[in-house]
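Two complexes are shown next, each including chain A; its partner changes from chain B in the first to chain C in the second.
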Partner chain A sequence: MTVTTAQPMAPGWKRALSDGAMIITIVYLLLYAIYASSEPSALSVFSISSLINNTAPLALAAAGATLVIICRGFDLSVAGVVSVTNVVMAVMPLEGPWGALGSLAICLAIGGFIGLINGFLVAYLKLQSIASTLGVMIVCQGVALVILDAPGGWVAEWVSYELTDVLFGFLPVSGLILLGVVGLWLLVLRSNLGLAIYAVGADETSAGLSGIATRRVRLLVYVGAGLLYACAGYMLSAQTATGNPNAGTPFIILTFAAVAIGGTSFAGGSGGLIGSMIGAATLMLLQKVLFSTGVASFYTGMFQGLILVLAILFRGSIVALATRRGSG
Partner chain B sequence: MDKSKQPEAVAAWGLKKSYGATVALSGVSLAVQPGEIHALLGENGAGKSTLVRIFSGILRADDGEMSLFGQSYRPQSIAAAREAGVTTAFQELSLLPNLSVAQNLLLPKMVKGRFGLNSKAESEARARDILERFGIAHLDPRREVSSLALSDRQRLEIVRALSREPRFLILDEPTAALAEVDWVFDHVRAVAARGSSVLYISHRLGEVRELCSHATILRNGQSIDSVELSDADNDDIFRMMVGRSVFVGGQANKSAPQKTGKPVLSVEGIKSQILRDVSFVLHQGEILGVAALEGQGQQGLFRILGGVEQADEGRISRAGRIGRFKNPHDALTRGGVAFVPEERKVDGIFPGLGVTPNITISILDRLSRGGVLSAPREARTTRQVAEKVELSNRYLAFRINELSGGNQQKAILARALATGAQVLVLFDPTRGVDVGTKQTIYAAIRAFAAAGGSVLLYSSELPELVEIADRCLVIYGGRVLDELVGAEIEEQALVAGVTGHARQRQTTPERPLPLCEEAPAQ
Partner chain C sequence: MAQIDPTAQSLAAASDARSRGRLESETIAGIVIFLLCILLIVCARFISPALGGWSHAETTLLLASFLIVVAFGQGLVILVGGLDLSVASMITLGGVLSTTMVGSYDAGAWALPVVVVFCSLLGGVSGFSVAYLKVPPFIMTMAMGVIVYSACLGYTKGSPRGAAPELFIDLMKAEWLGIPVAIIFVLLFALAGWLVQKHTAFGRRLYAVGSNQEAAYVAGVHVRRVTLSAYVVSALCAGFTGMMLAGYANGATLRMGDSYLLPSIAAVVVGGSSILGGRGSFIGTVGGAILLTALSTIIQALGVPQGWRTVIEGMIILIALLMLREQLYQAITQLFSRQH
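And then the complex of A and B:
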């Protein structure tokens, strides 16, 4: 394991292990080893980049959902945003690199606007987050159907080729985008906003009494989530190259599964985006592993659920062990 | 109050606040001079917390005016209040458990390092400076607040308010979780010596008299009077607080020392991380007090008796049967022990639920027929126990978090009484509770003992033990250092005991732990 060699061994490695991101990284590497042993081409640039391309939309969606969950909220609008951005990309293809940038701006505007609505409903009108974002999601699904009533349309060629390509022979573009999100998150973590997200998630009243503008933090969190969902829709469009008004539906369950696997507690105040993104990657890798080992595809859901439960179970027992030893 | 001769540092005139039909404040006026430590006294529900919240910028008054150092003061947010120099240490501590000591101290803004990013190292260094300046350098700024003892969290809350160099400092029950008050007093006096004003809220009148020069008394949301404390005796103050005369203190109403009942619960050789071989016997009809400074192991002892924790060694015998309590349910059903824990907000109440279910939750199976709860039975039982603790019937329909702290505590005691347990294990049941409610709780405890029940009671306030206990154990360094019976229980003896000075009859001198709460808490 790549544990830093801190002299007081105990707290360091225990903390790392009980940190969800660490566990899921180990699980991911183990899975990859299985994948590589059953599929010799698994370590080729092509396999890796196609895996990352597959992972990117879910990883971005999970990252967005994590923001909200750290702040002790729940955001179901992910499916709506992904669907709307996907159909917009399909009915309004803008060619060339500038077109791609324009499309991205449109997607971000859509995601940011929907996030703003969510944030307003939850933070300022104090509605329950599950109920209100469910409503927003259903409206968005409806809007997607109005824009495109059946699967079809074409995503701009530049987008579907260049964004799924590999730079310099080894660097997948979608991986670069994921790294960009990770980098942004690391910056947010070192800002007062980043701290405030965790504070509000742990105890909104105390956070308010500590001088944090809790409503604004919540609003920003939903907007940030909306932007990330929009990126997810954008990358999904690049990958599928076509539009589908129901494109977002599978995201609901898998997004929250990825967050849970990645070690973010639904109780709020803990966890992080990186764990969720690796969680998403694990779910997608699992599909490949099952395929490569010859397991029929309808077993996939079963195994994904199993991994989810095992990851939580494993973390729980590690935490229990760490606290028991830690107090002795 | 005449505003002519000297400008007050802080003043309020005719503050009013209501929530719908509920009136929280119906006219509060007070004035605090620069450099004055001013006490705010009143029963729970008198409006103290509301007033604190208005001063702190959390709530806005419906009517009335405030001024701060000669200028009109009308904070729209906590940040605005801070900007104006008003800081508050809240009663229900406002710390974030998942953040570090340093982060909590500096919220909402950390120290910036390079590129405008927050610097962990510099934030911690700043926090360390603050902790040192206020004499709690034993707290590691990197530690997560959830791992701190309640007393350290209280200190941190106070230091956070102090560290912003307030012109007006508000302390709401700052000593509720502290056994040693000198530390708080020193720093509060230092703030006042700088010319800042302090509003000090405490139920401990002794502390108030020691620290404060003036006091404003609230009752039912109104300021009754502001007095100079040296001119007012306790009786005057109590009368103003409750609107009637209350007898407080002394041993006059304590029954003669009794040790007549048969043993009900005996504890032998309990050992845990902190506890070293604790043994005692609780008799029928007895109120057995436990006196200790913080962190001497009393928490663990009570939690073991309540079935919340397990002892490493030792046994509890109850009615001839020997064993240990696996969990609180086991303690209650097998041992007949009902436990009232320390932290009301965390371990005691079910905040979203009504007062009635909060009282009956331990006995639902007894109130049910065929698995269905019988509403009339529930109502009858609730009314009966509520009467024992003088919890007014009109509160029963409320949600419990809408009640004042004192009434919440009554409801929790009612829950314990409703179980029909023969033994009550009460950990600081009157913490942060006003004088009137305290008397009610004492009366309920006495009535329970008089009816043949047994009570084990820890209190952080020694006068309370003097008033109510038939017998009192002094715990120090995880051991029973001394045992006082009847008239021997008086404050000086208890103070000596809890600080490790046993009386002469102690034959073998103990090797006590140093008087540092941290050592056992680790």
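And then the complex of A and C:
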């Protein structure tokens, strides 16, 4: 652990890339090469942008989960927030660009509120994070079922067309949104808050002793995660154009897998959002590759589970090697 | 264990006294939860005249029997400080294996050993990864759940066929002296579970590992082996529940385990066990399972839509966690005072 706790003090984007994100980027590029060799159309603007569109919801959700995990917590409420925002988008379509903005505001309010509840339960009432966010997730899924009891409804046309569109013939809108989140994260990294998040995750007691308001940082982290999950639900609605009260369920395993292969340790205090987002992209690409190579879709879950466990074992062995070298 | 120095002896005596006090509060909590169950079933008469009688109590016990068996395994994993999210898939695996075997080989007697072997192997893999490779428990069991589910999906091509083994139909449907065999079975199971957890060396080791791993290690407990075995037992219990469910419904579905994952955790927490491990009693968990089942039968009778039922389920977990918070504070302060 000495290695990972020393790292957060290095400033800026260099750390963000050096920590696991580099490895997963290389894996992604290799996988893309395989995909391109079996499917020649893989390099066209259309298939790249559709891949980015597919990735956006998971990448946003994984970014949110990463925030909480860096702070040494777990957040299962992602499934709940994505489901609730998705059904709200489908039940209450607001047309036009202003309508889209209004829907986004509603989604963010929902996500922020749920994040606030999570943060309050974990940071101030000191409940165990897995159990309490599990409870919140179940309540949210119930609420989603109350709003819309079966798949259906239509998302506003403006949202489902414009947000999955390609600007100037090469720039997918969803990619821009992901870049926006990355930009925000780089800003946060340079602020005191960024430092505090890593400090609380690495060692809460010493973070508290050095004057960090640990409870407030934790609360903010859960709220931030809730907002990102809401964005994920928003982008998912844009992509599917319909509502499903169980839309969020597959997100639980996929977000944690994305975070794990993106190089963020579940022990807290290390890793970053960018790695997780590339991890999410890798998972979605893997699904495409498996599909194009003809593996039965029944077994997709098996691959996802295996990748999740292997990523953690791989990372664990690297950390073990690094610590041995550091001490010896 | 032979050479205990005097300070350790007095410490042991102190912890003995503490555990006696704890046992008493646990017994009281257990009595309270069973009284709540009886009260709930009796009060159900006001909702509908069909409820509240002996037959309602019998149905509740019968339906709770599945949850009690899963919750025993879940409780052991929680006791050692973990969480088993793979129980839903293990239930499905138990059901699918037992029904498809009968369908294809007409050899129902083989279903039980096959399920036992598969489930203990898979539980062993989870337990090994958690105990020896230090994979976070909930990640490992979640991944195992997805893997097992997708294997069941692929194996059955999406729609399980076949019928349940005779043995399990008998277990779930037959009566003995006017009492359903399943209820007799689950009462014996509860008694055995309580004895194993409280009065065997294995059970005491689980408590030791759950309350303080390092202390348990120093005291000569094979911490990793004990942790591993908790996951094996949990997978076994879940697989057995799958067979019971298959016997009850005379068939398996791929989603048959889903409605037992969260209640199995809720039953343990509502029953007064600490979600952080090291504390709890199986009697409390049995009470929690019966209480949750009674609640759900009443909610079903009220005709509450699925969404609100789910909301109530989540709220129950949160409320139980909040009520245990006081104990949590005590545990934390104890932890700190022990360190200084």
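Simple rule for what comes next: the second predicted complex is superposed on the first by the 286 of 328 C-alpha atoms of A that agree within 3 Å, B and C clash if a C-alpha of one lies under 4 Å from a C-alpha of the other, contacts with A are read in each partner's own complex, and residues count from 1 in each chain.
Everything below uses one rule, namely that contacts are C-beta pairs under 8 Å (C-beta built on N, C-alpha and C of every residue); 3 or more make two chains touch, one makes a residue touch a chain.
What you see is a predicted model, and the numbers here were worked out from it, not measured in a lab.
If you put the two complexes together on chain A, you find that chain B and chain C bump into each other. When the shared chain is aligned, chain C comes close enough to touch A:260, but chain B does not.
Of the two partner chains, neither chain B nor chain C is touched by A:282. Contacts of A:149 after superposition: chain C is touched, whereas chain B is not reached.
Shared-chain residue A:300: touches chain C; no touch with chain B.
Contacts of A:244 after superposition: neither chain B nor chain C is touched.
Look at A:313: by the touch rule set out above, it reaches chain C but stays clear of chain B. Comparing chain B with chain C, the partner in contact with more residues of chain A is C. The superposed model built on chain A shows that, among 3-11, 75-83 or 273-281, the segment of chain C colliding with chain B is 3-11.
Common to the chain B and chain C contact sets on chain A is no residue at all.
Within the complex formed with chain C, the residues of chain A that make contact are 74, 121, 125-128, 130-132, 134-147, 149, 245, 252-253, 256-257, 260, 266, 296, 298-302, 304-306, 308-309, 312-313, 316.
Partner chain B is touched in their complex by these residues of chain A: 187, 190-192, 194-196, 198-199, 201-203, 205-213, 269-270, 327. By the touch rule above, chain C contacts chain A in their complex via residues 83, 129, 133-136, 138-140, 142-147, 149-151, 153-154, 157-158, 262, 265, 269, 275-276, 305-315, 317-318, 321-322, 325, 328-329, 332. Those residues of chain B that touch chain A in the shared complex are 56, 58, 77-79, 82, 88, 90, 93-99, 103-104, 107-110, 117-118, 273.
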